[in-house]
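Each structure below appears as C-alpha cells.
Both complexes shown next keep chain A, but they swap its partner, so chain B is in the first and chain C is in the second.
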Partner chain A sequence: MLTLYNPICSLYNPIYYTTIMAVEYDGGVVIGADSRTTTGAYIANRVTDKLTPIHDRIFCCRSGSAADTQAIADVVTYQLGFHSIELDEAPLVQTAANLFKASCYRYREELMAGIIVAGWDKRRGGQVYTVPVGGMLVRQPVSVGGSGSTYIYGYMDSNYKPNMTKDQCLRLVSGALSLAMERDGSSGGVVRLAAISETGVDRQVILGNQLPKWSTA
Partner chain B sequence: MISLGQLVFQVEYAMKAVENSSTAIGIRCKDGVVFGVEKLILSKLYEQGSNKRIFNVDRHVGMAVAGLLADARSLSEVAREEASNFRSNYGHNIPLKYLSERVAMYVHAYTLYSAVRPFGCSFILGSYDQDDGPQLYMVDPSGISFGYWGCAIGKAKQAAKTEIEKLQMKDMTCRELVKEVAKIIYIVHDEVKDKAFELELSWVGEVTNGKHELVPKDIRVEAEKYAKVCTTTTSLLHGISVTWVQNNSTFKVFFPHFMVTN
Partner chain C sequence: MALSNVVETPASGFNFENVSRNVALEGLLEGGHTKAPKPMKTGTTIAGVVCKDGVVLGADTRATSGEVVADKMCAKIHYISPNMYCCGAGTAADTEKTTDLLSSNLTIFSMNSGRNPRVVMAVNILQDMLFRYRGQIGASLILGGVDCTGNHLYTVGPYGSIDKVPYLAMGSGDLAALGILEDRFKPNMELEEAKELVRDAIHSGIMSDLGSGNNIDICVITKQGVDYIRPYQESEYKDKRQRRYKYRPGTTSILTEKIVPLELEVVQETVQRMDTA
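Moving on, here comes the complex of A and B:
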C-alpha cells in the first residue's frame, strides 16, 4: 500500500512504515499496531504508540508520515470534541471517519497518511472505517494498513470469520501483527492492542518475547 | 436610539403576527410525525395547492409554518442549508434537536439588533430517523426552541392545544393520527370569520420509510371525510345550545371547540 515513492517527503522524515489493523466484533472493535518509527534506516522510536484516542470510544490507527498523521489526528480531535459538545451526546464513529476523510482528501497532495478509524457508538455498535492515502472512506468489518499489511492479507482472509468474540479478535490481531512484524523490515517492536466497547477501552501491550511464534527457527 | 425595552416589544409584536395567521399543528406519535395546516383561501383565483405552508427541509425533516410566509420561506432556506452542511461535514442525517437549535439561534440573532426586525413566523420541525425515532420541535420568533409531543401555532392554537391534549399520541400510529390531525384542524377552523380553507397534511415516519412527504391524496380525502363527520355532529350540538341560550334572553357566543363531545 505504501509502495509509492513520494517525491515531496524526504526519507529522513519520521515515518510509520507500519502494520496497523482493526477488527469489528459484536459489541465493539479490537485495534492493533506495531511500535516502530523509522527515520531512514534508524529506528527513531521502538516503542511508539500508533493507537491514538480521538474521543472516549473512538480511536485511530496511524500509518504514513508521523507528523502528518499526528497533525490530522489533532485537528479531528478538536473538531469532534466541539461537535460532540454542540450535539450534547457522544459522537458517532462515522462522523469521526468523515472528518478524517475531509482533511485527508482536501490536502491529499501534501499529506502521506493512511488511517484506520475504529470505535464504538451506541447507534451502530463497533465500526471500522479505513481512510487510506488519497482520502477514500469505506467501512469494512476488518481492515489492515501500513507497509506490513501486504504480508498478512492472506492470513486475514483465511482466518477472519464474521461474528467472532472479543478474545478471538484479540488473538487474530496479535497473530497477524506478529506475522507482519516478522517479515516487514519497517514493522517491529511490541504489539499494542486496544479493545473498545461500551464499557470502555482496554489497552494491552505484548512484548517481543511474548509474541506468538510463527517461524520454526 | 432604540431602548432595550422596545426591542423586546418587537419580539412580542412578531409573535402577534403569528397569532393572526391560520393554525398549524404538529403531533408526534410512536412511529412518526404528522403536520396539519389550515390554509385559508383568500381568493377563488388561487390555484389549488399553491402557497404551501409545509416545507421539506431535508429528506427526513419537514417544517410547518405560521405567520409571515415570506419570513418562513427564508427560514426554511436557512434550515435547508444547515441540514445540508451538516451532512456534508459529518456524513449523516442531522439530528432534529441540533437543527432546531441552530435555526433558533439564527432567529434569535435577529432579535438582538435595531437594524433588523425579528422574524414574524413560528414553525414546527418534525423528523423521523432510524436512530432517534420521531422528533418534534417548535421555534418561535424569540428564538426559543422546545421539543414536543404535540404543538400548535397560529390563531386557534389554544383551542388546538386543548384538542391535542386529549389524544393518546404515544400509542397511536401515523395512519390513525392523520385522521385526528384533520379532525382537529376542522374543529378549530372558524366558519364564521374565515370561509374557505384547504387542509394541508404531511407526514414522516415508518409509514413513509423516513421520507417527509405530503399525505397521499386518498388518505387525505379519507381523513377529511372523517373530520367532516366529527365536526358536523359538533355543529348540530352547537345549533341546539345557541337556540336554548337565546330563549333565555342571554346572548353568548359559543365557539365550536367548546362544544366538542366526541
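Moving on, here comes the complex of A and C:
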C-alpha cells in the first residue's frame, strides 16, 4: 500500500570518504581522523568518531562504507577479545591487523572498507598497519587513508622524520588532517586524535576554529 | 515431490522473488513504448532530540503511495519496549515488520533475564539484522530510549550503519527539519523546550516537503514513563467535506418484492461436543 519498493532507488547509505592517518613514534602511535559522514552530497553526521577501539591498546581508523566498516570492526573486536582471553595476555597489534585483513580479503567483492590498524603492544611497541580496499596488509611507520589522503602525501613525505616525539607526531597529524579537510570536500568537521602508548589512550578533539591555520586565505 | 495443486507452505523469512521480477519487468518495459512506473521516495519527516530528562521523538503522519496520500493518520512512531520507541522512514512495510521483530525479541529477552532492555542492545540487534540483508530492507530508523545508563538516541540505516547523536532527523523532510534543529538545539534542554523544538522541526519538514504532511505525533520518553501524544498537533489544512457522500436508506425506491422460500431437507445431523472445561 505504501510506496512501491524498488531495489534500484537509492537508499540512505552513509560513507566515510574521509581522511585518516596514523604515525608511530618510539613508545606508541598517534592516530587521527576527520569527522564527516556523507550520503551523496548531504552530511549525515558532522561529528562522527572514526577512531574505534578494538582492544585496550589497539585502535582502528575506518574509511569506506559506514555499515561495512562498523560490522568488520565489531567482528574483529569479538575475535580479538576471545583470542586475548584464551592467550591470557594482551593481543599483538599484528594479530588485530591480520584479523582485519582476513575479513577484508575474504569478502573483498562485497565490502568497501579501507582500515588503518594502530596500537601499542609489549613485543614491538607502537605499530601502524594499513589494510586498504582489497585486503592488502602492510606495516608502515606512517600511513594515510581515505579520499583526502591524496592531498597530503607531499606534506607527509616532507615533514615525517623517524624518531619523532609524541608532541611532534600530534602536530604532524593535526596539521596534515586540517590541510586535507581544507581541500577535500568529503572531509571536514572536527579533528579527532588519539595517542596510544603503554600507559593508556589519550583522546582529543580539535574543533573547527582551533585547527592550525595555513597561509592561503 | 510437490504437486501443482498442493499449496506449498512458503519458506520462513524474507522472500525476494518480487525483486527479481521487478528487475525483469524493468528490462522488458524499457525496450517498448511503456515506461516503468517511477518509484517515489517515501515521504516522511521524523526527528529526535535528547534532553535533560529523557528523549523526545516526533514524526509527521502522512503515508504516500505514488502521488496520492494513502494514509493521513499513519503511526510512524513504533513501540519497541516500555522504555524505547522507534521512528521509521523508508518502506513502510519494512519499518513496521523490523520494529515488530525487534520488539518481540526484546520482550522475550526481558522475560528470560528479568531486566529492562538497554537501548544499545536494541541498536545492535537492528544493526545485525539490517547488515545481514545488505540494504534490501529499506528501513531508516531513529531509535530513542531511556535506560539505566542514560538517555540515548541512535539512527540505524538500511545498510546497517549506526550513528549516536544528540539530535537527529531522517526521511525526505530531513534537511528542513535539521535546519531547525541545528539552529536551536542546546544540550540538556528542558522537556517543554525540547517538545517545542521537535514540533517545529517536524512542522518545517511538513511545510517544505511534499512527502510529509498532516498531523504531528510526539513521543516523550523519560525515566518515569512514556507520553505518546498522538496527535500532538493537528493539521490546520484539514478540509470540510462539501457534501454528504453516504446514501440514506430509502434513496433507491423498491418497486416489487418477491420472496421464495428455499425447501431444505435435513439429510444428516451430527452433534460434536466441544470440551469447554
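In this text, the second predicted complex is superposed on the first by the 203 of 217 C-alpha atoms of A that agree within 3 Å, B and C clash if a C-alpha of one lies under 4 Å from a C-alpha of the other, contacts with A are read in each partner's own complex, and residues count from 1 in each chain.
The working rule: a contact is a pair of C-beta atoms (placed from the backbone, for glycine too) under 8 Å apart; a residue touches a chain by one contact, two chains touch by 3 or more.
What you see is a predicted model; the values in this text were computed from it and never measured.
S.K.: With the two complexes superposed on chain A, say which partner A:V76 touches: chain B (first), chain C (second), both, or neither.
M.R.: A:V76 sits against neither chain B nor chain C.
S.K.: Report the partner of chain A that touches more of its residues: chain B or chain C.
M.R.: The partner that reaches more residues of chain A in the superposed model: C.
S.K.: Should A:T48 be classified as contacting the first partner (chain B), the second (chain C), both, or neither?
M.R.: Second partner only, chain C.
S.K.: If you look only at chain A, which of its residues touch chain C in the complex?
M.R.: Per the touch definition, chain A meets chain C at residues 1-9, 11-14, 37, 42, 44-45, 47-48, 65-68, 70-71, 110.
S.K.: Under the stated contact criterion, what part of chain B meets chain A in this complex?
M.R.: Touching chain A from chain B are residues 89-92, 95, 97-98, 131.
S.K.: If we count contacts the way the header does, which residues on chain C are in touch with chain A in the complex?
M.R.: Within the complex, chain C contacts chain A at residues 19, 22-23, 26, 37, 39-42, 63-66, 70-71, 74, 90-94, 127, 130-131, 134-136, 138, 140, 157-163, 165, 170, 175.
S.K.: List the residues on chain A that touch chain B in their complex, please.
M.R.: 83, 86-88, 92, 94-95, 97-99, 101-102, 123, 137
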